[in-house]
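The same subunit A turns up in both complexes below, where it pairs with subunit B and then with subunit C.
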Partner chain A sequence: MSMQDTGARGLLPRRPRALSLRAADAMLATGLVMAGLLLVLTLVFGLNPPASANTGSLMARFRPPALDGYLFGSDQLGRSMAARMAAGMPWSLGIALVAAVIALTIGTVVGLVAAWVPGWPRRVIRMLIDTVIAFPSLVIAVTVIALLGRGFWPLAVTLGLATWPIAARVVYAEAMSIVKREYVVAAELAGVSGAKILLVHVLPALRPTLLTMFAFTFADMLIAESALSFLGLGVPLSAPSWGNMLSESREYLVTAPWMMLVPAGAIVFAVVALNLIGDGIAAASRRRSGRAS
Partner chain B sequence: MTRGLAIRDALLRRGLELLVLLVSISTLLFFLLRLSGDPAAVLAGDEADPETVALISARYGLDEPLLTQYLRYIGAIVTLDFGDSLRSQTDALALVMERLGSTLLLAVLALVITAVISLPLGAWLGFRPDATTRKWVNGLVFVLQGIPGYIAGLLLIQLFVVELRWLTSIGNAGPSSWILPALTLASFLVPKMVRVVAANTAEAMAEDYIRTARATGASDGELLMNHALPNAVLGATALIGTQFAFLMSGSLITEVIFAWPGFGALLVSSVERLDFPVVQAAVFVIAVLVSLVNAATDVAFSLIDPRLRAAGS
Partner chain C sequence: MSALLEARDLSVAFDTPRGRVHALDRVSLSVRRGETVGLVGESGSGKSTLALALMRAVAPTGGTILFDGQEIGHLSRRALRPLRRRFQMVFQDPYASLDPRMSVRGIVTEPLVAQDYGPRARIEARLQELLAAVGLPPEAADRRPAQFSGGQRQRIAIARAIAPEPDMVIADEPVSALDVSIQAQIVNLFQDIQARTGIAYVMIAHDLPLVHQIADRIVVLYLGRVVEEGPAEALVARPLHPYTAGLLAATPTVDSAGRPRLILKGDPPSPIHRPSGCPFHPRCPAATDRCATETPALADHGDRRVACHFPGAVEPPLSIARPD
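Up next, the complex of A and B:
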């Protein structure tokens, strides 16, 4: 869905116009610049965080932002919020990235198989997808995490496994329309094997869909990770993930509201960047394929 | 297909889905609990001595073969026997059902708020999307969509409880304490719903029948109320069905933030304490609830959709 589907003016019979190519490209470019900034910050500060992320000075507790060299203020132990936010990037963004890759990989394979295999296997797969989608994924995630334990990998794998059906449903729907196209039917008649058709003809045509979905899934996983950490069921309690920082901030809403606003701002910044990328790709590909005309 | 048949088919499909869901989730929980170590030790808690662990092992039949355990476990679920809460020694299902009302109250309030905000706003945005102010509002909705619901909740607390001191944020103490949790839960859905209603309205406004109605002299208001909006409401109804599961995920967090006495908060605290009978009962109730809502939306959908209505008469 594009951001600004435009309607008909006056009596002219016009289909809703998708975003102009320029507007779509502008969204995409803005999103990419924001995501690039996050990537650079993660590589420069996140993977090798400043010491002030973990050791603070009790003399410098609850410093407001932009005061005494604390760009984003300091927390209840006098640790720099800016440094902690950077140190949280590999956790929050890393887990979301791995979870999104897992969800999309499984979803793509299952969706393609369902689109290719007719009869009862397709019905079983579709039923499985519908069933898992209809259940609140967070409910499953908190239960599984409680049993597997906290940590980077348990969280990433659990989130990925809880999310793949959404990707599978989208890939399935898209692949169903692609396998009916003439060039795929022609390849099939020419005797090309099923696996080869899926890999050579169907998968490349799915690229814009997969890219869009990757951006949105990444954003969803980031929100889910921080939500679970916020509930105390995500990363280890000592890790400076954005969700953990939010969770800690709840006790100090009155004294130090920036302790909540800094990680919240980081999450919203990342999610908006990913949404811009996703919507930008979707609008541009709709426009180029001429479906919106 | 007649409407009656359509409804029957939808209900059958949802029933089958619910069955598959309950069996697979119960199975998942059963094996995860056993994979993660000695379930008797988990059930007994961290500080239990060996005798207690042995007692629990015997009481739950955990020393028997896995298949026997599994069959008895499924049998107990079929008869709605989830056992007693390890913490309070009362029936787990009763504990969950006690809190059903609170969770539903919050969910219904959130749905009402979502409808009240997103239908007019979406219709306004979609009616003439080219207008400059609406483009700005669209951009604003886009940014708001990037704010996760629970962060919206924290911001609401910061504003109305900490800064303005208008409202309280702890528990259920009468209607004024409902406002913030309900707004928080609604914020999970509102931006998405606004965009769907706006897109549906915009699409409807470009249809031929709108052009015909306009040509016969219908006013803007008539066009919107009689032609474009019903279409958008249809899309929004379908969305509520699919988004109810998401709303339940949201109520988990919302109830924890506001110490709301619903089963979402109960589930989280039971998971933390590894109180598995309660976890299983809560997951079971949530699965049934989601299926019921989906079935209800299916039925409502076939009742309002004019295409199905025409086919049924």
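Up next, the complex of A and C:
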């Protein structure tokens, strides 16, 4: 191992990790391209839903995928699977996005407050977090949807409310180590208020963690949305969300497997994109903190 | 003259899985306006805990702290905030005490903004004044800490500490993380600032000659207790406590070769398992049976105080030359 002169920066030689770092950058880039594609398609189809998504031709039932206008085949009502997958994008991705934003927002606020306040308020918050985590989220979802009905917002809010404690626990653990840093102590001794310290010093230091967690939570929410829709607890049955499409495909698994493969493929595509982004951000922030120390 | 800061019987204890650690055990200390008090002791003597307790970053488990006559030892975090303008701190490691994401402007003006120092123009003017006072160019304001050397970073930290015109700054080993060539510059900067503003300092160090150079009075801590206190000159010229003599002897000097040296044997004992009697007796060359059983109280000795049954029993073998 060659020891390079690192001058005043410290005694540790730079580790020869260039190859794995390039791999991490490639992961991040691939994930971003995939997510960008999904975003563009979502915007396009969200604004102009393809008419063929809901109007099929009974003459064209169960068409296998081919280059005859039914690229991804057709379903039991002769509707284009490609159009339905596209029309489902704003539903599935939108619900997952809103749920992830809700979960991370509540989780970040609660986690930060728990890391700052000492004594019994902290214990109460931690107990609350553990209690909500201990609740089976499926039961919460069934109850809330029974009360509020099916739809975009009930599902998004339910998923967000069932998931925030996981985000809160990660933020709490990370923030606990940040508030012990000397520059945070210095800010408190300079007379800065607790809320401002959390906002100005702690939250920015959490950014890589939050970005990574956002990507992974988004992916989890996408899967959860699909699972609930598959169970009939998700979006309205008429909406072509990916979970609903999967649910419909059950009866035709053997005769028309593309009905399952198309929405499943879309989910896998989006989840892989988000995981690549999450891992890429985590690797990049590790590299940066490795350099700074 | 009344004291600016007066700590009485200050104790700080931490509960650890291996038992209760008495980091500070009934420490009394006073700082007058414009005075520099040096705090010395080995690692683990409680110097840093004392600094954090005096700054109220740590809540004391016993005793009182009077700042300008007001009890601050038991004030809540919220109640302390408006008082913080008056006592500030400089940390040991300028790589850890500055937020790497903030500009120097943000760092130095943080206490000013937090304490409603005035309109933006006034804060900006104060920033320029502070940068000039600590010897940094005006354009430093828009840079981040990573673009500065250790010595420059410590200048930034000092600018932040003196920004709200405090009455007192507590500095926890402010030069020990810096290159030797930079240390003298930073010490001079502290002295310049004091000459101009009449600020009081509590200077923590493990380096007795350095403290001797800048302190008016020196307080020696051992295992969380004050073992000796007195005017800097007298304390260094004739230490009364064997531990002080040991610290002096441990300091290398240019002509120390071949001279007899009083060596502090071993490490300080763990504060969890405190020795009986005088806490220093296992390492003391003059210890007797009495020292092992009876704890000496901190008693007046002229204008000094010492906690030893046999003050002055151990003469330092070397005289310390002032490093300037």
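Criterion: the second predicted complex is superposed on the first by the 268 of 293 C-alpha atoms of A that agree within 3 Å, B and C clash if a C-alpha of one lies under 4 Å from a C-alpha of the other, contacts with A are read in each partner's own complex, and residues count from 1 in each chain.
Definition applied: a residue touches a chain if its C-beta (ideal position, glycine included) is under 8 Å from a C-beta of that chain, and two chains touch if they have at least 3 such contacts.
All values derive from a computational prediction rather than experimental measurement.
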So, A:Thr131: does it touch subunit B (first), subunit C (second), both, or neither? first
Please indicate which partner A:Glu182 is in contact with in the superposed arrangement: first for subunit B, second for subunit C, both, or neither. second
In the superposition, subunit B vs subunit C on subunit A residues touched: B
Identify the partner contact of A:Gly119: answer first if only subunit B is touched, second if only subunit C is, both if each is, neither if none is. neither
Can A:Val142 be said to touch subunit B (first), subunit C (second), both, or neither? first
Can you list the residues of subunit A that meet both subunit B and subunit C? 8
Subunit B partner, complex, touching residues on subunit A are 1, 3-9, 11, 13-16, 127-128, 130-140, 142-144, 146-149, 219, 223, 226-227, 230-233, 246, 249-250, 253-254, 257, 260, 264, 267-268, 271-272, 275, 279
Residues of subunit A touching subunit C in the complex: 8, 181-194, 196, 200-201, 204-205, 292
Per the touch rule, the subunit C residues reaching subunit A in their complex are 55, 57, 77, 81-82, 84-85, 88-89, 91, 93, 96-102, 110-111, 114-115, 146, 149-150, 157, 160, 164
Which residues of subunit B touch subunit A once you look at their complex with the stated criterion? 16-17, 20-21, 24-25, 28-29, 32-33, 35-36, 126-130, 135, 138-139, 142-143, 145-148, 150-151, 154-155, 157-158, 161-162, 195-196, 198-199, 201-203, 205-206, 208, 210-211, 214-215, 242, 245-246, 248-249, 252-253, 256-257, 267-268, 271-272, 274, 279, 282-283, 286-287, 290-291, 294
